[in-house]
């Protein structure tokens, strides 16, 4: 899938100076070559991880469902309803939902509304950096079919063409109660073993990548980075 | 003006700092390990929306900053060119999620001004009330939000809870929680429900208690004072040079308020003074916002007392599906919680607008001013400075 | 208001004076004289607050209209200066030396309308769009619906109704 030549040619077009190959002197005086794009990213394909034991998997799914750690990345106007969600009025903590600052610590990604093309690029990177199993909760009509912005030249129409989505919460904008209902729906799916977004992404990786590359015109990053 | 003792402020003597090249970049060697590039954003808990600041840091001092926007661009101005005037109303309010009502009011006002529709008095009062409520809910996020940037998170918890109470009132009045679509060309969609005034008074009393608490939490707190006094200084000379408006200009000693200078709706019948401070640092801007909050409570009480009980609330408008607005152009403005918020509207006499352009205060605050203010700031103060300008990225890129 | 307009009329050749409100007037000026007029208004007439700069695409006439809205904070009045530039090879003198934020507006106009402002700092940098390879999107001849349908995988089943026709069908 990853064609070395094609990739580097593509990268050269948009390469920033900081990403160029260069020599760096280490503290002990020796000189090493640094290639930021290959050294700092893993370029392997994602793999499908099948559960080994169904009974243990069921227990693990129960545990996963009860601790949903949400990445604090508000992508659109839906993020205005996140503060009410985690403050005492609606208090999502009682469902085991809490906000985390980095993708490495979280397993739920809330896409809170429309995605501009520029943000989609960051969303893809962030999604790939999250640890599996990972779940995506899409907020608002604009992630389902474009909603208000169905004819806009800069926002995507269907989120499930770019990353796998587990639960959609409809509305513009969805209320915090609807978000809590969405979390409960997600828990049900996880407990049933139906929330296999990470595996689906690995399985249909080529299809997702081709869709992503179709609209992100300046693709200046490796095909998969985590 | 206070004597500036803080070393982390704009230093007029630039001889010690690297030179800026013609294309706006710094003349430095990034591989020399004296400088490091840091990205703050695009996602950051301090901003309402996504915005990135590319910082070049030497030690813990910022030597260069560049704002990157465009993460929330939806092309509203293009979309509204291919929608009917009435379809523009649900579209335009989504331009700024923090206080959407100003968008609907300004578009309605432009359409009324271009087509010469007179708005009934009752509708004017209701519009004034809705705009002040929008300011109230926005300030309830931003006043404690400044404390939140210094890890005083409890203020945010109180503020967001009280904001929810205001949103409940909005829900009762308009049916919507965040986006209301209450103001239409020619008037508003309905009168106040029964008992609304009493429930509003209950919420206002709770907010008064909150102001006492926030006074203790922020303005009498030595940590807050030490982190904000003298930090993020805006030279009053920059106000005209950079187009600074609203609370940021008022904190620099300029008594500029659109409500007072260009009275719109019923503001000339209300009794209020422009709040201002002279220190022009983060602390002064927080004090101005707190005073605004007190002023808003007062204004809502005045509106409630002066408003007539019943009346005509919607003027006759043509069939909105065939509504052609006469050719012409206009600029209308109002005072949002961030400053002057204006719509430049051009109609070519057809059923769709020719061009609608939004002038948001963040357009100047978050790009040219912030880039200047962050130079020589301490790295730990960067997001406090950004929040103190109350930037709202969606209105920069629309 | 009249004094200011009279003063401007004496020195510059302005036409199409439209008074929208007591405190807002629109005037039209030639392309070459516009920056001189704005400089005069800023330095001598007290129009120190720059409100906005934007463009309107009059594709039928082959023209772009640039609108500079200036505000006088002491007299509390606004004057909007309009100028028409050609749509082909559109180019305008930069005003970034008068106010700092004008450079941002010019960056946006360059990206969204394709109007060039030589000498404006950083005008060629990306501002909002990233990797855009079509014609500038705010131009009237760019069809956003067609572009979105071709690019963004529209979900089948969405019905879009022109409200006027839809109501006619429903009422008949």
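In order of appearance the chains are A, B and C, and numbering begins at 1 in each one.
Methods note: a residue touches a chain if its C-beta (ideal position, glycine included) is under 8 Å from a C-beta of that chain, and two chains touch if they have at least 3 such contacts.
It should be emphasised that the depicted structure is a prediction, and the values quoted were computed from it without experimental measurement.
Looking at A-B and A-C side by side, the one with more C-beta contacts is A-B. Note: the chain lying farthest from chain C is A, by mean C-alpha position. Relative to the centroid of every protein C-alpha atom shown, the closest chain centre, again from C-alpha atoms, is found for B. Rounded to whole angstrom units, the spacing between the C-alpha centres of chain B and chain C is 23. Taking the mean of the C-alpha atoms as each chain's centre, chain A and chain B sit 31 Å apart. Centre-to-centre separation between chain A and chain C, using Cα means, comes to 38 Å. For chain A, the set of residues touching two or more other chains reads 118, 151-155. Residues of chain B found to touch two or more other chains are 70, 73, 75, 78-79, 82.
Within chain C, contacts with two or more other chains are made by residues 128-130, 137, 142, 144-145. Residues 22-24, 69-70, 73, 75, 77-79, 81-82, 84, 87, 113, 240-243, 245, 256, 261-262, 321-322, 328-331, 333, 340, 342, 344, 346, 354-355, 357, 359, 363-364, 367-369, 372, 397 of chain B touch chain C in their complex.
Across the complex, chain C meets chain A through its residues 128-134, 137, 142, 144-145, 147-149, 151-155, 158, 160. Across the interface of their complex, chain B is touched by residues 18, 20-21, 23-24, 26, 48-52, 54, 56-57, 67, 69, 73, 76, 78, 80, 99-101, 103-105, 121-122, 125-130, 137-138, 140, 142, 144-145, 163-164, 167 of chain C.
By the touch rule above, chain A contacts chain B in their complex via residues 17-18, 22, 24, 72-77, 79-81, 83-84, 87-89, 101, 114, 116, 118-119, 122, 148-149, 151-155, 172-173, 175. By the touch criterion stated above, chain A contacts chain C in their complex at residues 14, 117-118, 121, 144-146, 150-158, 161, 211, 214-218.
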